[in-house]
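Shared between the two complexes below is subunit A, which pairs with subunit B and subunit C, respectively.
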Partner chain A sequence: MELFLERLISGLTNGSIYALLALALVVVFRGTGTLNFAQGELALFTTFVAWWLTTQSIPVWIAIVAALVLGFVMGALIERTLIRPVQRRNDMAVLIVALGLFTGLNSLAGLLWGSETKIMPSPFPNGLDDYVSIGGARLYFDALGVWGALIVLMFLMTLLFKKTKIGLHMRAVADNPESATLAGVRTSRVLAIGWGLSGAIGALAGVLVTPLAPQQLGLTTMFSIFIAASAAALFGGLDSLVGAIVGGLVIGVLEAMLTGYISIIGGSLQQTSALIIIVAILFVRPNGLFGTQKLVRV
Partner chain B sequence: MSPHTSVLTLDEVSIEFGGITALDGVTFDVRAGQICGLIGPNGAGKTTLFNCITRIYQPSGGRITWKGDDLLKVRPHALASAGIARTFQNLALFGGMTVFENTMAGGSSVKGGKRQMRDRAWALIERLELVDVADHHAAGLPFGTLKRVELARALMSEPQLLLLDEPAGGLTHSEVKELGDLIVSLRDEFGFAALLVEHHMGLVLGISDHVVALDFGHKIFEGTPAEVKDNPAVVAAYLGRAA
Partner chain C sequence: MKRLAQMVSAVAVSTLVLTACGSNSGGSDGGGSGGGDASEVVSADDCADPDAATEEITKTLKVGWTAATSGPLADAVGNVIEGMEARFAVENEAGGIDGVQLEVVVKDDAFNPERAKANVGELIQKDKVHVIDTFGSGQLDAIADDQNDACVPLLFAQASVPAYRDIENFPWTTEYLPSADVEMGVVVESLKKKYPDGATVAMAVNQTESGQGVADGFTKAVEGTNLKIVAEEPLTDPKTAASTLKASNADILVDAGVTTDCLALSQAIGRVGWKPDTVIQPSNCADGATLYEPAGDAADGQQILRWLKDPNNVEFKDDAAVKEYIEQAGANGADSPLNSYTVNGWAIADLMVDNFKRAAASDDGLSRLSIMQAARTQDYQPPMFIDGVKFTMTPTQALGILAFKPYTWDAAGKTFVAAGDVIDISDDYDK
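Here is the complex of A and B:
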């Protein structure tokens, strides 16, 4: 039982990170209609900046806020300067630009800070004794912090989309850009804000995941997280915020359980096996669990 | 504004797609507070004309002025704040949003506090008899209801010109009659001018103050609804010429 609970806790913690990054992907997808391949590396880059700030004896909380702001600015700038000009010509080109950013940001991080792994300090107490015991299983405070961050973010996003004018505009643009423009919505500004928002959410995922284990911040850190997050977003239907969160948590828990209980899977096949299960689910529900079915009036 | 001032002026508007001339030197006015019906057989260029006014297409020749200013210099998202709103033939509502939210989205260009906007949206929802469905998602509501939601969204921007693209399409006979009465009473109440593209002759002739007929991109008639029925060019365009 304890073992089960510990696996569940670790699965939910990783899952929360996948969910965060998946949320970032969904926000961009809803506005722009493309998967942002650079999302993970953008998160990596901003996390490196947060780490570097902490090495300049800046408190970790301030470093994290700075990373979120930087994520927002970089996301909005990328949309303005790189995505918008090519999207007008060709949707496919956006993917290529995103792939370019993926390698570019990764290399830039390597150039600035080197390829050896770093220790990102945690914003939460993370000593060996900082845990509460639940049914004998240890729930560490930093894991609890990650869950808390996801819950707070969900709450803020719901508030944004349901209660504010900019949120209403973002939904209108995602739903029908042409109609939104004619209703007087400044589509271009809304898109830049959407990319900025996803940049900030990605940065949050980065600064939360890297302190969970020592030596976690390296140039390859975000690869597997990004793959899991894009699977989570697909699983949820790519345009559903709830779907991204459920998808992220499901993948996290599946990974933890499969690795824990099926010894042949071990450490090396955990992601593959979780992904195989998702592919199987997508066979049955091609629009994902929460995705909108596209109905076209003919 | 006096009822006889023209607000929208089209002057020799032309546009080609490849080798096809979709509009060829079309000229007419829409006056303040007037309902102007635009008729013509399929392919006459009615929707193309609409798309030129709403800045989806750029005419290759001619001028469109709005209250004396060059409309072709206005960016699409600024149309609403300039006082022009439209409804769509196949509806272009935000399906994943509620009727209330759809109406609110129409007010994007209007200045005013959130409280004021909500009050205004609710007033329009009541006026258009949408109170019962205000919290329903637009997707899944009956077509006739959605037409009224589009009207509510369009009116939210306080338009001085309302472009109605085939509002009667997909409606039953009695719904068309109700819609016609509704458009006239809204016009009397809010004082907007309307440009109405419509196939349903009964509706056009019933509510328009002025009618313009197009055929193959040319204007073939302009006058009162009473004159339309007897006009040989219009009859020929619709029924075909006698062999």
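Here is the complex of A and C:
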């Protein structure tokens, strides 16, 4: 039982990490219908900034806030200066720009901070004794912090989308940008805010994830996380916040259980299992578990 | 939505395929037996251009690198090359190899084996390099056939692939990193002394050929001993591996992993509350500051084998070779002389210089062929190798490093502490 609980906790923690980044992907998709392939590297870049600030003796919580602000600004600027001009012409071009940003941001981080592994301090207590025991399994406070951040973020996002004017505008733009514009919504501003929000969520994911990541902070840290987060977003439905969380948690737990109990599969095919999920979902439900199906009047 | 989903899956699958690149060829490791003459195993007879292989090198000897000078490995590779350039600069200042100056030519392969192959084509045909070096097993796989066909020596590749220790099939290729079989042989020798009544072993194995090579080496080495492997888990997720291996309650944990696994596994066993009596880390996990210190008490007492002097370690603070190295490396452009990769680059250059000098002194003079023949008969201790550790090659044995010194990590002192004398198993491999 202890072993099962340890694997469950590990899976839920990894799943929360995937869900955080998946949420960022969903926010952009809801606004623009685009999967932001640069999301992981944007998070990596802001995490490097947060790490660098901590090396300048700035407290980790302030470094995190700075990373969130930077993530928001970078997300909004990317939408305004790179995405919007090309999206008018061709949706495919947006994907190409995102892929360009993927390599560009990674290279820029390497250029500025080098490729050696960095140790990003955790904002939560993360010593060997900082845990609570559940049935003999250890739930560490930093993992609990990621779970808590996910719950709080979900709550705030729900409030934003359902109880605020800007959230209403974001939903209107996601549903039908032309109609939203005709109704007086400043679409361009809403889109920039959506990308900014996504950048900030990604930044939060990055700084919370890195202290828990096996490879710590390096140029490849977000790579496998982004793959799993994409799978999570797709699994849940690319336009569903709840779907992103369910998708992330399911993939995280599935990976932990596969690796733990079916080592012949999980040993070498852990990431592949996530990719198989993508393909399987595409066959059965092209819109994911919670994704909305667009209806067109004819 | 459907089209986007299809693109996502295509990109994801492509990514997985790209990630899988870098695996390497198999083969059985091991040394040969008996002595012999280097000319019997390396000759210009089968070369595409035999005259070029025997042509005397005058003025400049070019060493061409294909390695990742961009991307995640850029710092490590950059330090290796800086170490080599610094050592060559010292040699050039002293007059070179009988007046022949040494030059390094570097081409970036971004850790992509296909680019490495293209780079080597250019290095051989356009840059006319006399010696090649590379960083990574996938790179070595991609270029070994070409450099062997062209008879351009590939010396001290930063890889440890058993296939390229086969002198008959790859006479123009040597590797620098120690064989996993040899390293695990030394590990088992030390464990036999520590546990004369036997012990149980758990192994965490990285699912790459490097990791599997270490695991196979250990499994072979414990045959016939009273050390018993009771659990083996993939290192895909260190947390899961640690949980599962903890249940075995083994006395010894062996990390059959790559550099990125060392810290992750230490943290994982610490977090599941497992403190095996002995933890063995692979020799490539040599950097204390980044791979052990962040794990805190979880890494305390972990064991590692080393062959290089660590300029950061107080043990070598009065070592004349280390003092000279720090002074000369720093004075000749190496930004991080204390970095273990820089030390490696310097030591490799030292080994090359030894070969070049012996080749130049041979009857045939300095040529690609004489360099390769010298490399096949090398028996040399670079000053930055720990005393008692040599790099030894014979015409029938291509293992290089056959001895190590054991160290343990002291978490409180944040340093490695010597845990015994040099263990030399060269007698197990006939020369």
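In the analysis below, the second predicted complex is superposed on the first by the 287 of 298 C-alpha atoms of A that agree within 3 Å, B and C clash if a C-alpha of one lies under 4 Å from a C-alpha of the other, contacts with A are read in each partner's own complex, and residues count from 1 in each chain.
Note that in this section contacts are C-beta pairs under 8 Å (C-beta built on N, C-alpha and C of every residue); 3 or more make two chains touch, one makes a residue touch a chain.
The structure presented is a predicted model; accordingly, all values stated were derived computationally and were not measured.
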item: Partners on subunit A (subunit B, subunit C) - clash or fit; value: fit
item: More subunit A residues in contact - subunit B or subunit C; value: C
item: First, second, both or neither for A:Thr181, with subunit B first and subunit C second; value: first
item: Touching partner for A:Ala172 - first (subunit B), second (subunit C), both, neither; value: first
item: For subunit A as apex, the angle formed with subunit B and subunit C - C-alpha centres, to the nearest 10 degrees; value: 150
item: Subunit B versus subunit C as contact partner of A:Leu128, first or second or both or neither; value: second
item: Closest approach of subunit C to subunit B (Cα atoms, Å); value: 17
item: Residues of subunit A at both interfaces, subunit B in one complex, subunit C in the other; value: none
item: Partner subunit B, residues of subunit A touching it in the complex; value: 165, 168-169, 171-172, 175-176, 178-187, 292, 297
item: Subunit A - residues contacting subunit C, complex; value: 3, 6-7, 10, 14, 33-35, 37, 95, 107, 110, 114-117, 119, 127-128, 131, 138, 140, 214-216, 218-220, 227, 230-231, 234, 238, 255-256, 259-260, 263, 266-268, 270-272, 275, 278-279, 282, 286-287, 291, 294
item: Subunit C residues touching subunit A - in the complex, by the definition given at the top; value: 1-2, 4-9, 11-13, 15-16, 19, 70-76, 205, 207, 233-234, 236-241, 243-244, 247, 260-261, 263-264, 267-268, 270-273, 290, 294, 296-298
item: Complex contact set, residues of subunit B against subunit A; value: 54, 56, 76-81, 85-86, 88, 90, 92-97, 101, 104-110, 114, 153, 157
